[in-house]
Each structure stands twice: as structure tokens, then as C-alpha cells.
Amino acid sequence: MSETARVEAFSDGVFAIAITLLVLEIRVPEPEAAARAGGLVRALAALWPSYLGYLISFVTIGIMWANHHAIYQYIRRSDRYFLLINVVFLMCIAFIPFPTAVLAAYLPVTEGRQAAVAYYSATYVATALAYNALWWYGAWGRRLLGHDADPVAVRTISRRYLVGPAAYGVSLALAFVNVWASLAVHGVLAAFYLLPERRSGAM
Amino acid sequence: MSETARVEAFSDGVFAIAITLLVLEIRVPEPEAAARAGGLVRALAALWPSYLGYLISFVTIGIMWANHHAIYQYIRRSDRYFLLINVVFLMCIAFIPFPTAVLAAYLPVTEGRQAAVAYYSATYVATALAYNALWWYGAWGRRLLGHDADPVAVRTISRRYLVGPAAYGVSLALAFVNVWASLAVHGVLAAFYLLPERRSGAM
Amino acid sequence: MSETARVEAFSDGVFAIAITLLVLEIRVPEPEAAARAGGLVRALAALWPSYLGYLISFVTIGIMWANHHAIYQYIRRSDRYFLLINVVFLMCIAFIPFPTAVLAAYLPVTEGRQAAVAYYSATYVATALAYNALWWYGAWGRRLLGHDADPVAVRTISRRYLVGPAAYGVSLALAFVNVWASLAVHGVLAAFYLLPERRSGAM
Amino acid sequence: MSETARVEAFSDGVFAIAITLLVLEIRVPEPEAAARAGGLVRALAALWPSYLGYLISFVTIGIMWANHHAIYQYIRRSDRYFLLINVVFLMCIAFIPFPTAVLAAYLPVTEGRQAAVAYYSATYVATALAYNALWWYGAWGRRLLGHDADPVAVRTISRRYLVGPAAYGVSLALAFVNVWASLAVHGVLAAFYLLPERRSGAM
């Protein structure tokens, strides 16, 4: 197995585990709490912030997994610094279940809502920055690119990836104005990354 | 590694993690609760709803894993929409430990039982719909099928898969009549999918 | 990827996850409980039943993983019933963190100790039976064996595997006489399976 | 798949799961606790011991994963004792989330801090010893080395790996003098292992 193949397989494992651990942060309502809420149906409906967090985080991690793979379609070699940046990036990905749980717990709480959404968006800013660092480190001066990497596609990707930190930064700033607008940015970003890339053919 | 191979490996990871996380939802009885229940033996026996949920969910996820693989015996290409539907499908699979825990917690509780079984069945309706969406998207007009995909086998599979949402829909409706009948449908469906497929040779 | 390769990879995933989830059952002592126990050092030392459970379960799952692989050195084909037995076997493996947690919680509790050890051993009886069912189903009449499977090695393995259910059965019976003798059987069994197999060369 | 490839894949799985489980040990502050702390922002900031533990453990497991891979660039065969040592090593790796959680819980607690840091460092001493046992068992007399393993590189690696238990031993001793100095050793060690190896080219 080539060096990058093994790093990719390890990273895929972390992605798959982080995305599946998200469900553990949804707590079964206690029978007493369900009774207080007016029955289990209402108690399950009251978990909507958990469902929302699960939905956004799952789709976003899924997209990041797909894009992480796109990087490895161009990058064919590896070095210690690339591996280190990859570890930092994975550290962000594996962290996502925690801010998701914070979001789910505090979205219905008036005083904590803003902080929770800001914390959630800040995690994605960090993740997007780590992701860009990974790409730029490998692509800069074609350091770790394969010989067949199309320069135009590389430039398109470089531009596209910068959208991430910028947009999540907007989402972070919006958290202090309107939390729902902040969360909406996450949805729009997901849609943006699901659109096919022009001129690259990457997934 | 081909594109579909990597998606398949990632999906397998999510299946393997979700199926193994099921056990985390079974809680060790507290010594005080065990004493109240008349000893640890009785307290462990009183966990039968957890065992039942573990059994049904484990076997069902196992079958869905096998069938998911069957899809990839026919589908050889991938595109962004296929990947997106696959993410939605995995989001359902990774969610299953939660309704399983709800089922285990509320099956012995008279007022919550019906809602818990309905919630559990509704999750499978959604999972089966996502699964069908995945297959139909890929098979429609032979969009992502391999050139060697036998049209008769494809048609057989298409028909067989429609059984899933219909049967889980029946299970959902039955939850409001008799929860045990509703759960029995899950057992019958498992048996149905374990039968060899006619004319297709798929697993 | 061949059919058995994929089943093997999925099974490996379940093994790796179950073995790693064991640690989640060890609970950090609460500061108040640590103070009551006479400091954190004593509170951490008082977790010895958790460490013991972790040790036995980790080594045993590790050995079962190695032996599960040995099966696939001989078995080259697969069918639905083989897959079904494999799912039941994995259901036992993935369940092990729960009886391990029960063991750790009740080993220091006089009234629950016997039931906890019996429950723990009973899980291994079930696991060993499922494992034998898997092997015998595939080896019976050479149903799923490769053409090159050495009949002498196959017979040796068949005999060796029968030791498992018998020895864990002894461990289960001993739980009602002396829990420490019962746990000692687990250690002896681990040592037995770590010895090289005569005439087969399998791991 | 060769024998070592499968062991490597299984080990990678355990690494990926253990590293991703670290996040589960970070607990969402309860709304009441957040209110007492003066708001969610402060409550999240008060989790800095959890973040610190997450950071150190994540990077260290990541480095150990990379170095574990380096071993398998030289070792090409396997035997039962090598597998057994590998299981013991993985048992240490999979255990790390627990001392990390202990560290995070007791770093702010005056009486427990020293014990928590010592416990954390002791885990790494054990892990580094198991890692050295794995390497020395395979490299001793070139027992399991490939024919092409460069003797100079092997000797360099042997020397480098001895640094681990020694340095973590220093960290353990320092825990009884100054916990922050003890934790700093972990950071220095991470930096040391991130430096390229002279003469070997291994990752």
C-alpha cells in the first residue's frame, strides 16, 4: 500500500467513526422527563435541536470526507509536515461531535444559544482552515502533486477551498446577530459543495 | 482504488460502527436498582427489551449491509447525487442506535410503548426509502449500472427492494394497533431478506 | 474484492470497534467519590475490576479475531447461511463490552459477583458456540472450503475449536462454585489459544 | 492480503477508533452548571483541561500510528508472539482515552492533579515499553525483518525508540515535582518524533 493510500485509509476511518458517533450525543428522554413533557411523542419532538445538529454535522462531515478524497486525487506524495497537518485536520473532524452536542443542548436555551452557535461555527472555521492548510501545503509549488495534476483544475480547487473559511467566518459573525441566519449559512455551504466542480472532474 | 470502492469502504465503516455502537445503549444496572429488582439476575433479565432491540437492530443492519453490497455489484459508477443519496442513507443507518435505545427504554412503559415502536418503525421506513432512492437513482435508465448488469436481475432487485418501505410502513401502522405485531413484522422482513434472491445470484 | 474478503473486512471492523469500545465502560471516579475513597490514587486502584475485565476481554477478543482469520484461510466461498451465522457471531463479539462492564461493576459487590461472572462466562459460551457453528457450517462436507484445504489441518482445527464451548461451559459452571476459579479458566483458555497449532501452520 | 497487512489494517482500525473516541470524554456542561459558571462561554472555556488532554492524546496517538507503520516497513513476517505483543500494545493505545479523561477531570482539582498526571504519564510509559517490545522482538537477530531491511536504519530506529520509555519515565517522575513540567515533556516528545529520522527515510 502506498504511503498516501494508508494515510487516506486512516483518515477515512476517523471520518467514518466521527460521523457515526454523532448519534451518541442524542440522549433518550427519561420516563419522568417524558411524562413532564406530555408524553414520549412530545419528548421525542422536543429533541429537534439534536436532530438538526445531527443533520448538519452528518452532511458536513460527509462532504468534507468527499473533498478530502478530492485532495488525494491530486496529491501523490507525503511528508512529515503534510502528515502533521492531516492529523490537525482530523483532530478538528473528530472534535465535531462535541460542538454538535453543545449546539443541541443550548439551541433551546435562550442565554446559551448564541454562544453555542458561535462555538459550533468556530469549530468549522478551524476545520476549514486546517483543510486549506493541508491543500495549500501540498499544492504550493506543486510540492506533493502528481505529475499529471492539471494546473487549471488545481487553481480552481485552490479558489473553491478558500470559500470554506470565509463562509464559516461569516457564519461565526452572524451567530452574534441572528443564530438562525448563522445556521442557514451551514446549509447554503453544504449545497455549494454539493455542486459539481467546473473543469476538474473531481468528486 | 476505484471511486465506488472507496464509497463502499466508507459505507462499510459506518455500518460496522453503527452495528457495534448498539451495545453502548444497554446500561449496566446500578447496584441499588439491582437490589430493588431482587438481585442482579433479575435486573439482567429485566433488560430483555434492550436485548430484543439489540437483536432486531443488529440483524437488520447486518442485512442492510449485505444488500447495500448487492447494489454495488451492479452499480459501477458514481456521481455527486448518488453520493448525496448514499450519505442520506448512511445518516439513517447511523441513526438506528438511537430509536433502538428509545425502544428498549419504553417497551416496558405502558404509556410510551406505542410511540417508541412507531418511532422505531418510522426510522426503518425512512431507511428503506433512502435505500430505494439509492438503487433507483443508479438503476433508472441504467444510469450508473455496469455494462454487464443483467436486466432481469436488475428488475428482480428493483421489485424486491420495494417490499422494504411497504412492509416497514405496515409495521408503522401496526404500532398503533398492537406493538408486538409491529415488532413481529421486523422479524418476518429479516427472514424475507435472508432468503436467496431468484435469478440474480446476488448475495 | 472477493465476497469473503469483504465479509472479513466488515468482521474485522466490528472486532476493532468492539475491542476499542471496552475502554468506554471504565468510568472516571467523581471527585466526591475519590475524596471518600481517600484520594484519587486509591480511587483509581479501586478500579481494578474494570482493569481486569478490560484485560481479559481485550485479549480474548484479540484471540478470537486471530482465529476468525484462521477460518478464512480455509474457507473461500460464502453463502447466505454462512453470512447469517457470521452476523450472529459478530453479534456476540459486539456484545462483549456489556458483560465486561457488568463484571467490572459487580465483582466487588458480594451479592452480585456470582451472577456477574456467570453472565460473563455465558456470553463466551454463546460466542464460542457461534464460532463453532460458523466453522462447522463451512467445513462440513467441505461445503465452503478451498480446494487446497489440507484435510488433516481441517480436522485438527475442528477438534481444537470444540475446546472453546466446553472450557467456557466449565467456566460458567465454576462461577457457581468459585468466581475466581471461573475467571482463571478464561486466562488458561487464552494461553491455550496462543499456543501454535500442530500440523496446520494457521495463525 | 499478507499476514502483516491484515494485522496492520486491524491495528489501524484500533488507532482510528481510539483517537476518535477521545472526544466522547469531553462532557457538555449542564445548563445549571453553565449558569453557575457565569454563562456558557465561561463554562466552555473552563473545559480547557479537556481540550488540552484531547490535544496531547490526539497528537500522541497520531504519532504512534505513524511510527507503528514505520515498524511494518521493516518487518515483513509475523508469528504468534509478535501478534501477542501487538495485542498488548493495542491494549495500551485503546486505553489512552481513559487516563485522558482522568487528566481532564482532575487537572483543575488540587488534590487529584498530581495523581492524574502521574497516571497519564504511566500509561505512556507502558505504551512506549510495549512499542519497544514489539520492535525489538521483530528486529532482534533480524527475526521478522525483510531481507532488504537496511541494518543501519534498523539500528537508528532501535536507538530512537528507546527514547520513548526513558522520556515518558522522566515525565512520570516529574509529575511528583511539577505537573506542568511533566505535561511539557509530552509536548517535547511529540516534537522530537515529528522530526525526520536521520538515515532511514521512514515516516
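Order as written gives the chain letters A, B, C and D; numbering starts at 1 within each chain.
By our rule, contacts are C-beta pairs under 8 Å (C-beta built on N, C-alpha and C of every residue); 3 or more make two chains touch, one makes a residue touch a chain.
Keep in mind it's a predicted model, so treat the numbers as computed, not measured.
**Q** Between copies subunit B and subunit C, are the contact residues mostly the same numbers or mostly different, with half as the line?
**A** Under half shared, hence different.
**Q** Between subunit A and subunit C, what is the separation of their C-alpha centroids in Å?
**A** Going by mean C-alpha positions, subunit A sits 36 Å from subunit C.
**Q** Using mean C-alpha positions as chain centres, tell me how far subunit A is from subunit B in Å, no decimals.
**A** Subunit A and subunit B have C-alpha centres separated by 26 Å.
**Q** Using the touch rule from the top of the page, what residues of subunit A touch 2 or more other chains?
**A** 9, 13, 17, 21, 24
**Q** Connecting every touching chain pair, does the picture come out as line, ring, star, complete or other?
**A** Topology of the interface graph: a ring, with each chain touching two neighbours.
**Q** Mind pulling up the subunit A residues that touch subunit D in the complex?
**A** The touching residues are 1, 3, 6, 9-10, 13-14, 17-18, 21, 24-25, 78, 80, 83-84, 87, 90-91, 94-95, 97-98, 101-102, 105-106, 109, 111-112, 115-116, 119.
**Q** Considering only the defined contacts, which subunit A positions touch subunit B in the complex?
**A** 5, 9, 12-13, 15-17, 19-24, 26, 28, 31, 34-35, 39-41, 44, 54-55, 58-59, 62, 65-66, 69, 194-196, 203
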